[in-house]
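First, the structure itself, so that you have it in front of you.
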Amino acid sequence: MDLAVWQIVLLVLLAFYSIIDSLSLNIGCQYPVIIGTVTGAIMGDVTLGLAIGATLQLMVLGVGTYGGASIPDFTTGAIVGTAFAAISNQNAEFAIGIAVPVGLLMVQLDVLARFTNTFFLHRVDKNIEMGNIRGVKRNILLGALPWGLSRAIPVFIMLIFGKSVVNFIVNEMPDWLMGGLKVAGGILPVVGIAILLRYLPTNKFVAYLIIGFVAAAYLNVPMLGVALIGVALAIIYFKQSIKAVPVMAGSNITMDGGENEDGEYED
Amino acid sequence: MANMKTEANMINKRDLMAANIRWLLCSQICWNYERMMSTGYLYSILPTLQKLYKGNDLKEMMGVHNQFFNTNPMVGGLILGMDMAIEEREKKEAKEVITGLKTGLMGPFAGVGDTIFGVIVPTVFGSIASYMALKGNPTGVMMWMLVNLLIIGLRFTLLPLGYKQGAKLVTEFADRLNALTDAAVLLGITVVGALIPTVVNAKVAYVYKSGEVTLKMQEMIDQIMPSLIPVLLVALVYGLLGHKKMTSTKAILFVMVLGIVFYNLKILG
Amino acid sequence: MANMKTEANMINKRDLMAANIRWLLCSQICWNYERMMSTGYLYSILPTLQKLYKGNDLKEMMGVHNQFFNTNPMVGGLILGMDMAIEEREKKEAKEVITGLKTGLMGPFAGVGDTIFGVIVPTVFGSIASYMALKGNPTGVMMWMLVNLLIIGLRFTLLPLGYKQGAKLVTEFADRLNALTDAAVLLGITVVGALIPTVVNAKVAYVYKSGEVTLKMQEMIDQIMPSLIPVLLVALVYGLLGHKKMTSTKAILFVMVLGIVFYNLKILG
Amino acid sequence: MDLAVWQIVLLVLLAFYSIIDSLSLNIGCQYPVIIGTVTGAIMGDVTLGLAIGATLQLMVLGVGTYGGASIPDFTTGAIVGTAFAAISNQNAEFAIGIAVPVGLLMVQLDVLARFTNTFFLHRVDKNIEMGNIRGVKRNILLGALPWGLSRAIPVFIMLIFGKSVVNFIVNEMPDWLMGGLKVAGGILPVVGIAILLRYLPTNKFVAYLIIGFVAAAYLNVPMLGVALIGVALAIIYFKQSIKAVPVMAGSNITMDGGENEDGEYED
Amino acid sequence: MANMKTEANMINKRDLMAANIRWLLCSQICWNYERMMSTGYLYSILPTLQKLYKGNDLKEMMGVHNQFFNTNPMVGGLILGMDMAIEEREKKEAKEVITGLKTGLMGPFAGVGDTIFGVIVPTVFGSIASYMALKGNPTGVMMWMLVNLLIIGLRFTLLPLGYKQGAKLVTEFADRLNALTDAAVLLGITVVGALIPTVVNAKVAYVYKSGEVTLKMQEMIDQIMPSLIPVLLVALVYGLLGHKKMTSTKAILFVMVLGIVFYNLKILG
Amino acid sequence: MDLAVWQIVLLVLLAFYSIIDSLSLNIGCQYPVIIGTVTGAIMGDVTLGLAIGATLQLMVLGVGTYGGASIPDFTTGAIVGTAFAAISNQNAEFAIGIAVPVGLLMVQLDVLARFTNTFFLHRVDKNIEMGNIRGVKRNILLGALPWGLSRAIPVFIMLIFGKSVVNFIVNEMPDWLMGGLKVAGGILPVVGIAILLRYLPTNKFVAYLIIGFVAAAYLNVPMLGVALIGVALAIIYFKQSIKAVPVMAGSNITMDGGENEDGEYED
């Protein structure tokens, strides 16, 4: 293996940046075809990078990380695959053979990064309590570390120790932890939701919680549809409230005024 | 209340721009399973909060903005902008309106944004770039990156747009703030109701087998009620959080352990 | 208001019969894409209007009855009858009640009527007639025409029936006309909400293709929101009609040109 | 070709009447098997007409013109097909071969007729404004013309110029116009709906507009179902209104009266 | 009213146990098509009724509890318990609350109970028992019977649980009994609305055939409205029951004859 | 045939009890594998009973009598089948061949039992009117008779007259009655529902009747889902009622109190 040190540094930085880019600017470094091209340039073989990136890109077209789901990270795969193919003078097919298992392995590390950041979240909570605004800011920004390192470290290790390490890790990772973390990742949002429910005046509007639930769970209405229902119910509630208020104040005149305001239909 | 509505327009263009840049760069930077983009939102609105509140109010409002939030980052600036306009006018009074609005709008915005910027754009430009790349031509790659730069420009317009809409909302309904609050909270809670079966992912893996008889537990549970497990989990954690000594850290550890245990007992998976 | 409720029963049997005949013969005679059966309805109720209103009121009410209307002509007389009874009692006051009722009932009546008189009857008697005809026997044809004559008889009974129901409605709720109006309008608007995705037919034909990648635009749009295009079109024309100089003629020309342009740009199809 | 003038006249009138009948009396002249029989009678060969009409009838069983959709007009097809078969001593099969393309071509003319009548609609509008009732009536009745002529003219032309003209038209009609008109026909109802929305006090009840939309677009509830939902919501609204009104007037007694009136359940 | 709320807790543990035993043994003992488990419910609550009411009140409340009722007997005790707590406090006042609650809860309880005790348990233990039995081993059979005994124990806990919940309900909302009544009735009637298409089983068997043309009548009717026949039948019987001389015996005979006639006319089947 | 009298007696009692058990204690005697075993014990061949019961059990796994539906009664089938197989020294297969038609035949008798009990129901009604509580009790308990006899009598007859009688009955039962009763059974619940609707203040809440209907008929929402919708609507109605009441009484203070009580969210 004859990767130059500067190449290793650049590729590790690239891996770090690619995930951060996808979370922020999104100039495209999260996409295999783009990252493959850049890696190709670093390795001195743009055409190879293009070919590898393009093949991987076509494999993930339209697969996005919605709702925080973890997907195969063929972007990191493209970096490692292109690097190995270039130094061993192999073709794109060889690179894909490396990139795919790497991409699958990265799913686990993505889950880990998403976990780890709850640590900073809770430090943010604490700093809020203490009124330490700089602490709040610092801890939020530190969230970038788990993200970046979740890509940079494995790329670094793989570039140093080679392809065999990939297989080793894939095989030796204990299932009880990996599978367990995946399940935990699936159900963890209940904490955020429960906090939100405690936070909102849920009791007062529990009927609408049920309605939203029935719409999504029984009728499979997608989110925008549920929100439309919510908007309709909110409007009805709003109109009733402003109708009721003047009555309490004992004035019929305001009441009528309120009515007229609603209808654009006057003759 | 001691709302200082004296300075008519405390939030100026520079503030909007600052929030815009923060949202662009940091909305997901501290993404986590518990509250997803809450910190990103907090970070983006923090300068505004510092302008509007002091002391305990500031603490409280930081807490308000560190609640579960998740939307598509491309279009989320619109919500942020609305929020800023509302808080500027109504300050702490608007606490519930904005929580309601944030919760109510995050879901549909996620759906719309993800479809456009997560499916359509990458599919179209990704396929162009790939087919050109396969022929050794990097033009498609350049093009896609250019498009992404244009999209960044577009994203900058959304927050000011939201700010204007929010301003309209509060001026129109300022005298009926209570009703507006209730309406917003109602919307938010409706969406949370739909979040439970949508965001929480818990499938019972257990399959009863005996000879040729198999009984998929998840199917049985669906027959009782769809998304029963997510509902029970939310209820459980909601209950736990009612105890004095329970913190969200403990809750999250509890749920993590639960996940691992359930997986290894082959109950969930 | 100067409602002249003096003559207890201004509408007599002859009026009902006249309306019935007009509805029978002319309900669809001027059918068009813009307002479908509006003119047929107007024509049928015109004699009644002339009895009940004079001058500007008459003009106004003719306008009221020239709004979008579409139902199955076989059963639509029921709506007409109800309307006549309500207007007879409440005159112009009932303007919104009847618009609400007409709009609210036209949809379901179309469904029921089309199924019975557009599917069941023609299938049954058409198949009998055809199989006999194939053997050179015209009896089935005669039979079917006879049935159609009987149906005409049946149709004549619906309008008086509606008239009685409408009369019942107004006597029962006359003292709460405002509430009844609101309820009727609410029903009408609910049905209009459902009309948009049902009546407007706009499918995006555009399919993105690049190598083996294809992306059906309509599917993408459905993922954002079903019937998004019809909603946007209605919103567009609704907005246009808000401008002072916009007439429905201009709007229809605009939409026609839009249709042709979109077709030739291969956007819609 | 040896069609007698009286035959041409009768067939053209029949074509004119058949569409008008379907819009009004509906004694059945819109149906191929009936119109085929009549055409057969005119041509002096009822059996042939029966056979042609019956075959075409079985092809459109249960296909109706719902919501103003344009469907293949095999009725007009039956007239032309039967006429040609009779004069050229051909069998039913030959006639069907003519009737089917004619029926398809007629779709375009049906669209055209439905378009043209917006012209009379707007003249009705104008006459209403001017208070000219006779003008209103006249223009509505004139709506029969585009309908009738949309069948009479092509039948006339075809009877005169023969079968070849059918093919010519079918082939030469420019697609940009035909396709464009079809699309325009599909979206034109938005104008009527938008006018209706402007006309109704939509703002006051916009919540219900959304509910109706969600029911139809997301949940695929058919019209009667939507109307049932609408009726339920209207009843709820109505009961609330009549409950609220007396309160404003400050009288509890009326209120209770209102309550009792609703429930039939008294003991 | 002359509610004797003097003796604070008239229903004691023994009463609960008595009701429990009766429910266990007799909930379905007089099951019939007309009102299903009404008699079983009445029998179980009868001792309580005798304690709470005298004379005409007793008669009336026996009538109240002999209305259509159907739920899963395994979990139905919960409803019975709630009812007992409510009636204990509110007596006859609660007549509508309890009818509403009974009607509103019976449906969902049936679904949950049937799935657990009618599908899951018998499938799991039935298959174990069967496979062991096929090998000549009766252990599985024993095991299943043991489980059934345990379930009986479980069932005994539900009624007291319901009693406590019901007590909570009435103490919490006692001062708003009217509102609670309305809410309960609303729930009950919503469930009845859903019962009609669920419980009533009427499929039109008639198929029109002529040559190769077939027209399934049921499909046509579904196109008009799903469950149209059940709705019409309910409306018919509802109307009949409005007549002075109509008794439920006559109604049931009428419906039986109707069923037989319709079957033999090949209309229903 | 050499069934001992005591065997016949026991088997008939077993048949009587098995259905009663399924309606009450549910210790399992409604299930073929259990009843087969018991029958086997009575006949002196437990293994045979186990085999027959198990085979039948596996045929009805998960088939339950929901909502009062009649299902094939392989439990009674298991009694008869096992008895015949034992006395004629035949194997399990022979027994299944008897048990299955018996099970199907029993469906009719199940329907009959469910019918017959309306007789006792109406006597209960009458006794309620007369205030005769003992009569009420007696008639309810008598409901056990049709149930038990619907199993005991046919088992008795079959044990006495043998297998041939089963076939005879299955074939000779007039269809007009059997089919008619089945249809009648399907629609009979309308009586109970109609009585309930007369009994409840339906007019006042007819809107919710429609909503429940639409949910179940158009949207196929299962019962629990409908109840959830009902609960949501009931809560909304409840909150509105308690909000409205104080206003009528003219006191704003109570009103606000009512509001506060709902929300747990106070700051």
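Per-chain residue numbering starts at 1, and chain names A, B, C, D, E and F are given in the order in which the chains are listed.
Throughout what follows, a residue touches a chain if its C-beta (ideal position, glycine included) is under 8 Å from a C-beta of that chain, and two chains touch if they have at least 3 such contacts.
This structure is a prediction, so every number in the text was calculated from the model and none was measured.
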Shortest path length from chain D to chain F (each step joins two touching chains): 1
Reaching chain F from chain C through chains that touch each other, fewest steps: 2
Chains contacting each of chain B and chain C, listed by label: A, E
Same-site or different-site touching of chain A by its copy chain F, using the half cut: different
Degree value of the rotation bringing chain B onto chain E, based on Cα positions, nearest 5: 120
E-F against D-E, pair bridged by the larger set of C-beta contacts: E-F
Separation of mean Cα positions, chain D and chain C [Å, integer]: 11
Chain A and chain C: spacing of chain centres that average the CA atoms, whole Å: 49
Residues within chain A bordering two or more other chains: 58, 61-62, 199-202, 204, 206, 208, 210-211, 213-214, 218-219, 221-222, 224-225, 228-229, 231, 233, 235, 240, 247, 265
Residue numbers of chain B (touch at least two other chains): 96, 111-112, 119, 123, 127, 130-131, 211, 213, 215, 224-225
Chains touching one another, given as label pairs in label order: A-B, A-C, A-D, A-F, B-C, B-E, B-F, C-D, C-E, D-E, D-F, E-F
Contacting residues of chain B [partner chain F, same complex]: 60, 95-96, 211-213, 215, 224-225
In the complex, chain F residues that touch chain D: 199-204, 206-208, 210-211, 213-214, 218-219, 240, 244, 247-248
Chain D to chain F touching residues, read off their complex: 219, 221-222, 225, 228-229, 231-233, 235-236, 239-240, 243, 247, 252, 255, 262-265
Residues of chain C defined as touching chain D within the complex: 24-36, 38-40, 42-43, 46, 50, 55, 58-59, 62-63, 66-68, 70, 73-74, 96, 99-100, 103-105, 107-108, 110-112, 114, 118-119, 122-123, 126-127, 129-131, 133-134, 136-138, 140-141, 144-145, 148-149, 151-152, 176, 178-180, 182-202, 225-227, 230-231, 233-234, 236-238, 240-242, 248-249, 251-252, 255-256, 258-264, 268-269
Touching residues (chain side chain C, partner chain E) in the complex: 111-112, 115-116, 119-120, 123-124, 127-128, 130-131
